[in-house]
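Should a chain be cited, it is by its letter among A, B, C, D, E and F, assigned in written order, with residues numbered from 1 in that chain.
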């Protein structure tokens, strides 16, 4: 069971172990509005990663003493299903999940007009159903769509992706095998696409300043691609809602109203 | 330490392993009003099972946000003492204890005039001191007496008993040995005796519909026997209280008032 | 790894294993006002024991339902750092720490004019950074200085020390080696020095009444020595504050006011 | 939805049921449509997402190596947990398991365990030393009523697909499998609400809110019942239970065709 | 009882004690009547229910196999836990152990442990591998004051009856025993309240509410003291402690006759 | 300090920073004075108390025997925990670790772990059986801002002094040691606040309260970065990050001289 020590070539003839190019992300699909209890929701598949995100709120923050009279609280909860990882995860929230929840909530607070909803909380729940590296950026990308689906006013979406290093190469959207490289560097990154301001940034591993500059450039490019897919998702949902609204003028309009 | 695999005859010549007949329950004794701090209490011995039940309330439900303006909450807590089982039980409440507490509380809610006590809680605590199968029905039977002892207005008592199957026979009030039969079926049952409506019903094990019909008939008969013992207990206590009240007209009347 | 069973002479020619006399305590140093966030604080070294104590309050007791309209609550929390003991301590508070917190808080309540601060809490936090027997009396001695540093009105200080028995001898301020003696008796003791009333008293081990009388006498003597060091600490701090106040009449006077 | 709206909706549901109708136009003994998506997680040994009308749950199975209980040295076991995720309902919260989720997990557990669908001796690897523990974890994603049955269907679907990890020197080899779990029966829960004296199968959320009593029973394809659970503060009569039993066998038979 | 009634009752208790009397007509140094019911649980290796006036507690002992501490390879140990059951008092609640129950358990533990009544080496089964852990669990059933002594009496009663399970190949054989636990001493706690400058033994609840300080000490039949515990926000003088010591020896002697 | 005072102080801090000044007269890229007291606990294998201006933390290292992870049979590991002691701030409370302390512990952990300063293979005692777990516990004693860096400095100081307990037959011999932990790098965190569009290093508490975003990065003496962590609800631009990187290398270099 010893970790394999043989030298792996992570990029060979311009191709990665799974056949991708260095600047190529895994396939990404997002669907909005998939749960009817939540105020907003999204389902996302990103390579093997499968994520459900739901938003409740703005709703009264309770107990009262946590209320902020100037803005809404953003409560982000990232959790992994016990079976979403190779070795069963303990159902209790791990420290890793708590840290990710904190930084992702802070990343979203920047784009939400929190000042419009004093004394409330906006609860964002992200559940990982299957995983293969990059679940926190997948969760953040899905949560951003769930917020839009909930009709919560935002300055911009948040688009996120992982970037990093394996086998000496700067690559986009690392998978598990790449993240396990002896020299692996993992950089979860999230931006507000319109201004390219960075709202989430973490890094693990040994990186030089030059490598960082290169990685950031690649990451920003990846975020822009994610953003296009997010926009297409919302456009599709909006069009479906429009259509539905026309078909049944007096019908159930809730869904349609949400995304306006 | 392997489980014994040899064939046991659970009923032989009409007698069970402990000498009982198939429709015979273990000996049952109940005493009411045994604790002075609680508003009502009961001590019960049922075969090896030993149970203490106590009732507090109706009292203000706290914190306030749990209050129901239309009725009293019924809070039932079933617990086993660490030493009441062959292998020491962890003192923390097990999932089994939490489930039993839920279904027993629901069973009692039906008989209590909860609508008379809005915003309050009626707390029922049941502690198992020794056990040998059938503690949940023993607890419920004792709790019913403790509620009467507390003077809480009720539509009826709740009488409970276990019924089930072992070695192919439908039998009343299974003991541990019978519950461990390879084909054992355990059916905890509780009724409101006046109408024979069922307020508690669970079942474990493989049972046909025909067996169920037979088991239910036997169980209802058992419940009626339990009810007689419950009524005798309350009659005895009432008479004792009457007597006491006469002896010391100006004395301590609290106890006597409770059971009126 | 078996416990050493050979006979140790705990006192030989009037000297203990670490060279002390039977009535000699380990060296004790106290410094007041070492933390700027807390309302009062103290650092104490007593032999190998190293203790930080801090006081916050009187401040509003929350949640409101714990408030006492007649007096301040005294909330004492004694904790050991994980690395302050030979085998790493679990970070969660042990039952021992909870018990010590309770008895030390009760010991201090007697000297504080709690009736002057209704509805408030006075929080006293004691953290043990290194240990070698006697940390609870060290903590109490430090806490007493932190309370004075916080300017909380007190009837007296509390002076504390351990006394006990090892190898048949009644000795002052036992260290770990002595506490591990086969016949060890440990008596944590705390008094209000002006009246010599006892506010903390515990005992472990087999002791005769005669030994107790002797031990108490020795303990009271030890407490008086501790009291002298406490008073010197406060005197020194007061003088420093006075000086500071004169140098910068219009300057930061908070510190100086506290100890008046 | 606020409380007043809830109460109005519940009143309407009761009124309809008195007339033999339901809020979603079903017959009293009619089940909602079921959609099953199997193997939704590659990291799980078995998994399924089930939609039961608007209700949605996901269940995953992990096979974990463990030690047997001392009194059952040649048997593995199952362990069922349930999380009522806060994304499934505005009233669910994170925190230690509450009685509702514990009851859900334990009733689903009993339906599997008591049916003897799994022979726990098959889960023994080395007597007294090493056995499989089959962890079955239930997650509610959207609660529109009858989480019990949705979880039961998802559990059975997952178990039917569950692969057994391959072992080498007693350790799991990642991503390799040595066959599937054997199930000798297909137990399924069927849940009823008693409302205004009538029995309805597969209640939607608003019916659950309005009900007096709940009754769940698990049946097998060979005409056994293997678990009962009555819930709620109401009572049941013998004939009501009979009615539930008959409908449960009928509905489970239909559902089994979809597995 | 509401707070006002409590305060009035407490005031009366204080007033009486100033006159050398008590609410239940006892002398200041007089213990309440004790009733001991042994072996109340067959599943326990030892157990006892004790009534001390209106106060009622039950204690059970379980002998459990465990590993020794690395630095005490040839010694077993004891572990004492206490639950202030909510059935014993309107102010007790379920939940993680609070300081009150932790203190109770630890003081009862020390009375047993420090008396050396049990030789922990007797509890060793196989050096460095297997020892007995004697779990002693205290449950308050009705709190009418002085739970400390009631629990101490019930603990000693239980330990004196405790049977040692029979072992075969290192495993416990159910319902068979190989003799009783050996106790070389009979330590008993005796608890006092200091009220209005006077010392009373075995306080009832209302006296505990009114007291300034509490003092418990454990004594043995061979004239040792083995545990002290002062509680409460009041103080004690040397002569008050002396008075407690003398009364404690006297009372414990009487109680031991009943065991 | 009440909320109004805090807000006024925070406003002042922002106003000063807009003018390129700070509340304590430092330059925007200037670190506070550092005081390091090593080996403050004899029971710890390594320890240090660090004062960073008014901020004060203590860190202790314990070397504990444990089993390796099955997939890393020849590697030990580190475990970092942090307690924001209530003595350090009126807003800290006892209780289960909150997100703030978990983040602090995990960022300090990553700075050490990802720098590969410690070769985890050095911590293996017996492959697959026994390894060292290096427990690093951080305690905040006084929070005047930038606990991250104070803890990082104290952690590195402690690790540089950490003694490895001597083993005999696989057990630790008390108070004997077999050399020190080997560190191949000296990673240090450097933390920044972004306030009113400007970047300041080593923020004091009032600056932290006023900041839009926080950025921490760990650097090594051989020009690597080994951990980033952005916090707070604000955003960062590429050039702001560049500025942080350059200042972090500069400051860490200065701090290393003091170790």
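Keep this in mind: contacts are C-beta pairs under 8 Å (C-beta built on N, C-alpha and C of every residue); 3 or more make two chains touch, one makes a residue touch a chain.
Here the structure is a predicted model, which is why all the values come from computation and not from measurement.
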item: Other chains in touch with both chain A and chain E; value: none
item: Length of the shortest touching-chain route, chain A through to chain B; value: 2
item: Longest centre-to-centre distance from chain C, chain (CA-based); value: D
item: Greatest separation from chain E - chain, by CA centre; value: A
item: Whole-Å separation of chain centres (CA-atom averages), chain B against chain C; value: 52
item: Intercentroid distance (Cα basis), chain F paired with chain A, Å; value: 28
item: Euclidean distance of C-alpha centroids - chain A vs chain D, Å; value: 31
item: Multi-partner residues of chain B (each touching 2 or more other chains); value: 1
item: Multi-chain contact residues (two or more partners), chain E; value: 70, 171
item: Chain contact topology (line, ring, star, complete or other); value: ring
item: Direction chain D, origin chain B - full chain order round the ring; value: B, D, A, F, C, E
item: Touching residues on chain F, where the partner in the complex is chain A; value: 70-74, 97, 99-100, 102-103, 105-106, 110, 114-116, 215, 217, 220, 223-238, 241, 245
item: Touch list for chain B against partner chain D, complex; value: 1-3, 74, 95-96, 98-99, 101-103, 106, 109-110, 187, 192, 195-209, 212, 216
item: Complex interface listing, chain A residues touching chain D; value: 1, 35-38, 41, 48, 50, 52-54, 56, 59, 77, 79, 81-86, 88, 91, 93, 123, 125, 127, 129-132
item: Chain C partner contacts - residues on chain F that touch it in the complex; value: 40-45, 47, 49, 54, 56, 58, 60-62, 64, 81, 83, 85-90, 94, 135, 137, 139, 141-144, 171, 174
